[in-house]
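By letter and in written order, the chains are A, B, C and D; residue numbering begins at 1 in each of them.
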Amino acid sequence: MLSVKKLNKSFGSLVVAQDIDLALPKGTRYALIGPNGAGKTTLINLVTGMLRPDSGQIFLGEGENQAEITALQPYRRVRQGLARTFQINTLFPRLTALESVTLAVLEREGHAHNWWRGLPAFGPAADEAASILGSLNVPAEKPTRELAYGQQRLLEIALALATRPRVLLLDEPAAGVPRDESAALFAAVENLSRELTVLFIEHDMNVVFRFASRIIVMVGGRILLEGTPDEIGRDERVREVYLGRSRHAA
Amino acid sequence: MFSSLAAVLFDGFAYGMLLFLLSVGLSVTLGMMNFVNLAHCSFAMVGGYAAVTLANRFGWPFLATLPVAFIVAGAIAILLERLLFRRLYRASDLDQCLLTIGIVFISIAAFAWFYTTEQQSTQLPAFLQGSIQAGGMSFASYRLFLIVVALLVTGLLIAGIEHTRFGARVRAAVDNQRMARGLGIDVDRTFMLTFAIGGGLAGLGGALSIQVIGLDPSFALTFLVYVLIVVSVGGLGSIGGSFAAATVLGISDMAGKYYFPWLGAFLIYLVMVALLMWRPVGLFGRR
Amino acid sequence: MAGASEQLARQVRWRPLETAFWLAALAPFAVAPSYLSLASQVAITALFALSLDLLVGYAGLVSLGHAAFFGFGAYSAGLIAKHCWSEPLSALVVSAALAGLLGYALSHIVVRFRHLALIMLTLGFGLLLLEAANSASALTGGADGLQGFRVPGVLGFKFDLYGRTAYAYSLLVLFLCFLVARRIIHSPFGLALRGIRENALRMPAIGSASQAHLRKAYTLSAALAGIAGALLTHTTSTVSLEVLSFGRSADVLVILILGGAGRLYGGILGAIIYMVARDQFSGVNPQYWYFWIGLLLVAVVMFLPNGILGGVSALRKKAQ
Amino acid sequence: MLRVILAAALATAFAAHAQQPVKIGLVMTLSGQFADAGNQMHNGVKTYMKMHGDTVAGRKIELVVKDTGGPAPDVAKRIAQELVVRDGVDILAGWVLTPNAMAAGDVSAEAKKFMVVMNAATSVIITKSPYMIRTSVTLPQVMETFGTWAATKGGIRQSYTMVTDYGPGHDSENAFTSAFKAAGGSIAGSVRFPVANPDFSAFVQRAKDLAPESIFIFIPGGAQPAALGKAMAERGIDKKKTKVLGSGETTAEAALKSMGDNALDIITAWHYDYMSKSPLNQKFVKEYQGVAGGRNPDFFSVGGYDGMHAIYEVLKKTGGKTDAEALVAAAKGLKWESPRGPMMIDPDTRDVVQNVYIRRVQKVGGELVNVPFDTIPMVKDPAGERRKAQK
């Protein structure tokens, strides 16, 4: 559904992405793990077009309707079905949750350029927004800045879902969310439609091993290895990467 | 032909230095403290009128009035900072804009009340009048003096901001107030002193510019545009940026008026628009 | 689920307070017949502030050169009256289109910038247009202003000394443009503008072509400002370089901030308070009225942050 | 019995009419960039009223002072309308700037109110209303006279013009060059300063390289003359070789003070100087200093002073009646001795007719003075004459 070939990016001497190859088949749940500074968020920024790669290609879709999106503007990639959330909440403080998500739906439907008809005339868009918010139980009426932090993290996801993506990239969705709420958050992610390909960055290994169908380990801008949770769990190199030279017996 | 080119370059650079002296204070308040201080030229006017009063009414020599202009303008800056600006550091830049334009209006009316709307005139001391002949060309001595003062101010400021503890404290407080407080920096006092320096520099710039561009109560509005151009083209928070911008604008304005005068007034605005489109954060701006 | 569109509808609904406001706007005809020409210029400035509010209050683009479009509309109306025809309503539409065109052209450059660079670019374009008008004095009449044209009246009503027709004409056009602006703000496009103001970074991430939105906002705002300029030309039969000046751009920005940006009525309220205060202060004290206006601005900022409307709504929230 | 009551009513009406004050709307630029001009004019008006009392033909004079705050014709027109409609003024006076005077001219014509322009100098203003007179000056009146004088008695064959790029600058340049050429002079070139121009050295350098026989300058009063004078001194323009010609504003009092000796030998043409020796002017200056806190009058002040004089005179002639037809008829052909010298309101064009003095800056008793050394008597506005000829 999303594939990347020979992606490279460096800021002067600092290499943040080196020969990255990826292929995420449709409907899978990928976890992207690795120590801080491994280049995880950078990879998402490269794929979504926020950062321009030095070399390499990015493709969206499968089979014959696969299209290269390397040079596409970020908003056009979203329209093609590639959505993301941000590690730090990037929301609309004074808009209510309903207004924010309705706006995302209107952009998707191409109504956002309509400056003549009043918003109430777009009932279906508002209703769809309300249902997305309902599914993630985010209160619709309150301005975003008055929402609890956890609710804001869910609103990030709601905004991404509103674009009806084919691929959803979650950048540490549960960052800063207390343990009990993060479980509920991932449960919500879990029962997203099987059609949706999801890749999420996460540090909490319990969550990773419970929700991910496959795991990618990144270190120093390169992909160390990729595999099922079991393969990754047993692999020496992963433990070493996380815990450094193992001082005590495994 | 060569002599007139040199003359244009010299005059352009001197005019640039005048623009720099007038706007360097703003590159401290707006540039470093991120406070939209449109009342900057009102502080320049305070310095200007202080110098004129001392020179005309009390017969002070011109050079002696300059430090006093700096101190008086700095004192007024502290007063306003304590009373008004301090409450608006976190306000929206639109509200800062409204506050400072209000102060501009108040300053215009106040100076019109005390000094009438008459054009203030001062006499330069003998050694600064006329011009010095060197290499077959005449260099206006007052312009040489401006260049020297501008270089002095730039050196002191860059040394002060970049290489002293106080400078480090100012930069820290401006970058991240919370962190600076965490490190035990008295942010409140640092901001007050920084604002005083910004205001004082404005006063000095005002006192120096009377000789060239005159002084009357509407000074606060007429030169605000030029000062904003220099600081925005130079780049926020960069003294060197303002210096470079003032030089580029001064020379291009002078050369434009000399070589294609029909372009006259358009030139300085065209140069500004071109530079800003090329480097929106300014020549040496950081943010 | 009905709750969703209900919440959006509640925002758009016309409130009784608004009806009261527009009825009160008719009061000067009866209460203050000798202040009608001032009222007409207040209505024109209110429309100008409303056009700027579309940019500053809703799209978050601060402009210090909006008089460029006001003046362009004013000169278009003047030149039409001088060389083409003197019927004002059609001239209004043409002037709006011309100003909108200029806005569209400049928007391609302006919307790519933010903060101080944006403010200085708009200032620069404004001053360049002013210099162009000054040097093209054969066409524009330069500093002495455009001479040799008169707009006798509108729809058969003559512009008289009392300003009755002038105020009726200005108020009607202001009301119509206000309805358009209100509809824009409550449309999907308006919501997109507010999104850009709230968080320009997020917009591309929800698939929004925010640059295109900003260009359209800039064009619409320029057209509205052009209408305001044309109105001034029609009601006073005078046009001079002052309509393009930095002073007028700064004044309208002050008026908008005073009233409260981003609140639809902020510009209108600001125009009423600022211009009536200026008229009264300068009547009482012709030489030093600047002092009182300055004091008023400082007071509003210190006690009513975010303008008068912003302060009032904050007080109301605290009261609840 | 009825007749007695009727007569009494008539008498009181007439008396009431006589008692009712004459309201004069005085509209000037009292704030902004041209505030000083407005204040000087206002002091000129106050000085006249101090010297001649505030009652004329049995009616008290009441001033309604308004500020336009700079060149703003829309505000000026509104203020003129309000003065007529709300304040019920009988006369519209003041008008420092051309665009404002033009706009108010429409109101004077429409509302049939007598209007006195006390400064705005663009010639065509006078045609805006049949009830308007001017007591200041027109640019062609001074500049064409100066152009003709320069090429003839001045003995200057070549000149280079440097004017500020705005209305009055263009008018004076055209007036000077047309007259100068008509009298046999040649123009070596011309340049225009931007309106907001703090520094002149590039322009002066350009003029110096051309080394013309003379330079003609027109710049607005205020800070600019001093800046230009300094630039000329710094560039080392030798006034003996290159004659510097200018309008009166170039060597006004404030400019002379700032320029110092750089101003020596500048030749100017103007209609008034506060240093003129006439007894009437000496008295005017003394009284003016009393009113204006020690400041000396300038041409704005004398414009205000003479404007009030014209109003007083026409009110005396009409016995206190203030309808515009009577007042303007009374004003036509009015002659009087002003602090500037003999003055007249042209009966046909209603514009000002006065002497134009050619002066040179010299040091007299240690003080810089515009010493008049030639006078062109009772000059009519040539542009007005041409308009009259076309009609």
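In the analysis below, a contact is a pair of C-beta atoms (placed from the backbone, for glycine too) under 8 Å apart; a residue touches a chain by one contact, two chains touch by 3 or more.
It should be emphasised that the depicted structure is a prediction, and the values quoted were computed from it without experimental measurement.
In summary, the chains found to touch both subunit A and subunit B are C.
Averaging Cα atoms per chain gives one point for each, and the point farthest from that of subunit A is the centre of D.
Across B-D and A-C, the chain pair carrying more C-beta contacts is A-C. Taking the mean of the C-alpha atoms as each chain's centre, subunit B and subunit D sit 37 Å apart.
A separation of 75 Å divides the Cα centre of subunit A from that of subunit D. The distance from the centre of subunit A to the centre of subunit C, with each centre set as the mean of the Cα atoms, comes to 42 Å.
In this assembly, the C-alpha centroid of subunit B lies 32 Å from the C-alpha centroid of subunit C.
In subunit C, 131, 134, 247, 287, 289-290 are the positions where the chain touches two or more neighbouring chains simultaneously.
Residue positions of subunit B with contacts to 2 or more other chains are 108, 112, 264-265. Chain pairs that touch one another: A-C, B-C, B-D, C-D. Subunit C makes touch with subunit D in their complex at residues 34-35, 37-38, 41, 131, 134-135, 137, 142-145, 147, 150, 161-163, 232, 236-243, 247, 282-283, 286-287, 289-290.
Contacts from subunit D toward subunit B in the complex involve residues 31-33, 35-36, 39, 165, 191-199, 201-203, 205-206, 209, 222-224, 226-227, 230, 233-236, 254, 257-258, 260, 293, 295.
Those residues of subunit A whose C-beta lies close enough to touch subunit C in the complex are 48, 73-75, 78-79, 83-84, 86, 90-96, 98-100, 102-104, 106-108, 111-120, 122-123, 126-127, 129-131, 140-141, 159-160, 162-163.
Within the complex formed with subunit D, the subunit B residues making contact are 4, 7-8, 11-12, 15, 18, 108, 112, 116-119, 121-123, 129-131, 138, 140, 142-143, 211-218, 222-223, 226, 253-255, 257-258, 261-262, 264-265.
Looking at the complex, you find that subunit D touches subunit C at residues 28, 30-31, 35, 39, 65-67, 69-75, 77-78, 81-82, 84-86, 98-99, 102-103, 106-107, 110-111, 122, 124, 165-168, 170, 194-195.
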